[in-house]
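Common to both upcoming complexes is subunit A, partnered first by subunit B, then by subunit C.
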Partner chain A sequence: MTSELITTRTGAAPTRPPGNLLSRRNPTIKLALLFIVSLVLMFIFDPITPLVLYLLALGAIAATARIPVKAFVLAHIPFLAFALGLLIVNALSRPGDVLWQAGALRVTTEGLLVGAALALRTLVIGVLSIGFVLSTDGVALMTSLHQHARLGSRLTYAVLAGYRMLEDLPREWQTIRHAHAVRVPLRANGKPPRSLRQYGRAAFALLVLSIRKGERMAQSLESRGLGLTPRSTWRRIPLTRTDWAMAAAVLTVLGVVVGLSALLGVLRGYQVLG
Partner chain B sequence: MRPDLSRPASAHNKRWSLKDLVLVVVLGVVFGFLYWIFVQAWTALSIAMGPAGDLAQHFLLGSWLLVAPIAIAIVRRPFAGIFAEVIASVIEVVFLGSMVGPLLFVGAAIQGAGSEIPFALTRYRNYSWRTYALSGLLGAGLVFFYSAFRSGWYGQEIFLLRLAIQLISGVIIGGLFAKIIVDALDKTGVVDNFAIGRDRLARA
Partner chain C sequence: MRFPRRQDAVLTDVSVRLAPGEQLIVVGASGSGKSTLLQTITGVIPHSVVASLGGSVRLGRTFTADTSVVELSRLVGVVAQDPSSSVCLPDVEQELALPLENRCIDPALISARIDRALDAVQARMLRHRSTAQLSGGEGQRIALAATLIAEPAVLLLDEPTSMLDAAGLGAVRRAIRSAVDTYRPAVVLVEHRIDEFAGTGGIAGLPPRALVLGEAGTVIADGPTVDVLAQHGPSLNRNGCWLPLETELLAVTGCSGGLGEPAVRAGIRSLGEPVRALGRRQNFGRNVLTATDLTIDRGGGACVRAPSGTATPVLAGVSLTLRGGEIVAVLGGNGAGKTSLLLTLAGLSRPSAGTVTGARPGMIFQNAEHQFVEHTVRAEIRHGLTLDDDELRAILQRHRLTHLAEQSPFRLSGGEKRRLSVAAMLAHDRPVLLADEPTFGLDRRDTIATLAALGRAADAGCSILFSSHDLRTVATLADRVIVLADRTVIADGPVFEVLRLNEVLNRAGLVLPPLIRHLLEEFSSDAQIRRVLGQLDAAVTTGEGTK
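Our next item is the complex of A and B:
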């Protein structure tokens, strides 16, 4: 992130961002594709279709994004945990053919199938999100949305200022926690209390501090002429034929997989939930 | 007919001032960050709780609604609630890497719309406990059907239990607690230069 910021500040030429195949793609196109795939998946309720899509997405991202294996696996953990939760809850809480029973707990075939479908859907969206987040710079995304998706300049720069603020928040949070720790009565073991109340106080202080900072930010943005037209962009984000080719490829694969799945009679829609 | 003074001063000009815009972004950033800390703690807990964690997390659903009523109460403009929710979701998805992915934008917009309707019906004038409570109720109620579709809750035996827990949480955390935060912020004086402060001066 820091190196990216430094290059943004020093080199204003419209150069291609460095890195691998996926990180060179246009951020707006990537976000739009992620959105479309997620939307289509919302209407698919069989386990096979998302499984195929997951394997394809995994392969495509591994081939184009060069994410270290360890980072890739670690990023999967929250999605896997969430998917596992979905599988268990649905297996246990849906009526249908009883597969296994022990007291009040019973697993049904229908529940297991729906649970697997939802779990795999989480994994598809998860692997695509990992690919997106690890290959996209936040500043480049906002600039690209401004250039290619007609996001207004005032909103774009307000969000970018917010992004800078976000980077500082962990430090502010620590400072506030330390300042509070100095003043609170200590516990018997000599350590500051770690109650929910203390966290709440720190969160409120952070909110007040940020609102005050935001007001100053708005003033300085305005005093530097934000909102005047025409607006020039320092470092333009390229939108090339390769980006459109990627979009076409992703949508074609999605269409072919869903189409084949429907043709083979595997595809199940919303009616599965009954 | 009430005197014109009582109308929020900002309702006159249509274009958002940069100050209001930045405030809503700041609220989105701070809540996005606090949610992120919260989710970290929560994920660990819900893994430990196993399948019960899926249901238990509904008790805290209202906390996702907070940013909308707070933004509306401070800037008192149409669409402030929807806008604040969507910005917070963008921060979560794009900068913090949320699990839900970009479908969160849709959920956030629905949630914001639900929270905003009660305030819009009073034409952004009434900020009583009742309006906040209704805001939390509608915020939670509207988005429930979207989440239920997205997560496949229909047809589950605990469907109504989920709805009940979420509505209660919406009213208490997403409604009443929002008023507590707004009143506390108002008392500190940081929001004096916004519509909420101007309205207080106009009334005084």
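Our next item is the complex of A and C:
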């Protein structure tokens, strides 16, 4: 029971599993790299460059993050679905050389290329996000942002307190649903009705209770002196040379791939959109 | 440190001066402004809550009105009522480190201080837990530790023990005392369960100074606790305050000294006379609810998937029957599965084995707010029913809700919320009413009123099953008790027979309150015990007249 609860808490256990290189890296650096790579990708419109980046990122994360294959694949599903959508919409709707036609449907070369580029871009951002989320403890991220990215202490701890409230919500919701179900007139089959109205009522009760609780939590945090300056930090999230080395490595690989792709004439920018 | 102040309606002309190391208990009926007084000291009033504050509160050289709540936190530590909202961070360690970090304590010293604060509340084993896993009582101890750890000059405790069992209560009392001995903070305590807080030491277990607040927040008395309680005990008792047992007995028998005193014991004996037959019927109706061989998993039920086979069940092999008009109490320590059992009997949560047969029961929940669905009291009672105006009026009147009919259920006081939740459920006329800790957090007057409402429903033929941790409540109301321990039912029988089984009580971690222990020794007849408890309750003006 205990171990089960700890693992659902995104690994906030005091000791992290050994050998998990990525999860030991500084969360702020990881978040910054995710942001930089995504930003660079915004300007790339050929399919080859993001494909290479995707394969490299996939390999690097699989090698360093020890994410179970099943979890990794499942986490891909939303990104794959979105990518497929982008591919189909672009392939069918962009003007250009017609590659294939059937009635009103026609696929253009340009559409296919731009669609593939956008889809692969989605996958690169997707795989990096998966690696980030599955290797980063939410609490450590907030603490690190506070320490290394100058996020204010009030905001940091407000988010952490919100996280704590979120943990309680399912139980609270369940209790409210139970309490409401007692007085509901049953349907003919003896079961309580599941109407939108019932959910609405339960949601309202949850909202009222949560707002009050949030208010009380805010008062508690203030009474503990949150917002006083100067403050100290007990368990600093380390920012080591390895973290900087990882940042350098990622940026170098990004630079080399984009550079090579430009050199080979594969790289395409906004001009593709015509 | 002083706070002479004036505020209309809630508090009027309250002036108090506390020296370092002085401990004050604030006593008063619900709504006398006890919590408001604490809020003016923390600075929440006037900074966060809109209220007009006349007069001033000074802490050392700091005036609260001129200083923000956060700056005041350097001087003031608060333990708030509700532990679920006074523990704010995901991990226990972080929770305790936060006040120290905010005061810029050298990080190298923090770990040792966390250990010391946890030792003080006897909760060292909780250090590496995540706060979502804490029980109510554990959360309350962590909240106290997080307040003590910063060693504030003023310590404000707003019902710091509402969710603690006897052992946890002792730990809290010792932690406060040792804090006072080591660094001499001024302590202001607001506590509902004064008798339990006082512990076996009686009045000596309470802070040495007492402040009594009357209606409209005026100071009725301020002085040594012993004197104040001796002088104002009877009126406080009438007004529905929980009091230390010896004060309550003084108020009723007119003799001081508590159970140890022959005169008091004689007084109690005379309360048991004349012996009358038990007011309630002893022959109950037919079986209305039967549970056979239930196995209950935690988190069972429609919405949450139960990890089948992986976890040990909360309860196994539970069989019980309820007869019409019978009042049954379910007893058991924290986590014994009382709530899970009630939810299963109510049909809200599916047992993993066994069956429940009988008509659909009603249920009232520990937190009445969870039940509220409508925006007015009137609509709340009508919810799920078709009542004509006369019926509605009768219900409102019976539960003293008429003057609140147009109010929002969420804006009522604790006692009013409970009355409404009971009224709204009873209106459904179900043959069985299940109640989860129906008197939790209520003052004495509301407790008595709630028990009276349940008793009336039983007299009308409804069968009642309620859980409670308060054995006095159980002894006052129940005909029969079911004791849960070691994942099953360990006793099921007439209330005073089971309460005499020391082995059963020990196994379930239940401790008889001194009054009940005395009554069980003193009287052989159940009717007399009931009569004494009834007479003690009758000394409280409930506003609905004696039954």
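Some notes on this structure:
Please note the rule applied: the second predicted complex is superposed on the first by the 218 of 274 C-alpha atoms of A that agree within 3 Å, B and C clash if a C-alpha of one lies under 4 Å from a C-alpha of the other, contacts with A are read in each partner's own complex, and residues count from 1 in each chain.
Just so it is clear, a residue touches a chain if its C-beta (ideal position, glycine included) is under 8 Å from a C-beta of that chain, and two chains touch if they have at least 3 such contacts.
Fair warning: this is a prediction, and the values are worked out from it, not measured in the lab.
Using the contact criterion defined above for the overlaid structures, shared-chain residue A:L92 touches subunit B, although it does not reach subunit C. With both structures placed on the common chain, the touch criterion links A:L186 to subunit C but leaves subunit B unconnected.
Residue contacts after overlaying the shared chain place A:W244 against neither subunit B nor subunit C. Looking at the shared chain after the overlay, A:L273 reaches subunit B, while subunit C stays out of its contact range.
By the document's definition of touching, of the two partners only subunit C reaches A:G225; subunit B does not. Shared-chain residue A:V133: touches subunit B; no touch with subunit C. In the superposed pair of complexes, A:I125 makes contact with subunit B only, with no contact to subunit C. Once the two complexes are overlaid on the shared chain, A:H178 sits against subunit C while remaining clear of subunit B. In the superposed pair of complexes, A:F79 makes contact with subunit B only, with no contact to subunit C. Once both structures are placed on chain A, subunit A residues 161, 163, 170, 208, 213, 217, 219, 221-222, 226-227 are touched by subunit B and, in the other complex, by subunit C.
Within the complex, the subunit A residues that touch subunit C are 1-2, 4-6, 9, 12-14, 139, 153, 157, 160-161, 163-164, 167-168, 170, 174-186, 201, 205, 208-209, 213, 216-217, 219-228, 230-236. Interface of subunit C with subunit A (complex): residues 42, 44, 48, 69-71, 73-74, 76-78, 80, 82, 84-91, 93-94, 97-107, 110-111, 128, 130-133, 143, 146-147, 150, 301, 303-304, 307, 311, 343, 346, 348-349, 360, 362-363, 365, 367, 369-373, 383-384, 410, 424-425, 428.
Of all residues in subunit A, only 31, 34-35, 38-39, 42, 45, 78-79, 81-82, 85-86, 88-90, 92-95, 114, 117-118, 122, 125-126, 128-130, 133, 136, 138, 141, 154-155, 158-159, 161-163, 165-166, 169-170, 173, 203-204, 206-208, 210-215, 217-219, 221-222, 226-227, 270, 273-274 touch subunit B in the complex they form. Every residue of subunit B that touches subunit A in the complex is listed here, in rising order: 16, 18-19, 21-23, 25-30, 32-34, 37, 43, 46-47, 50-51, 53-55, 87, 90-91, 93-95, 97-103, 105, 149-152, 154-158, 181, 184-185, 188, 190-191, 193.
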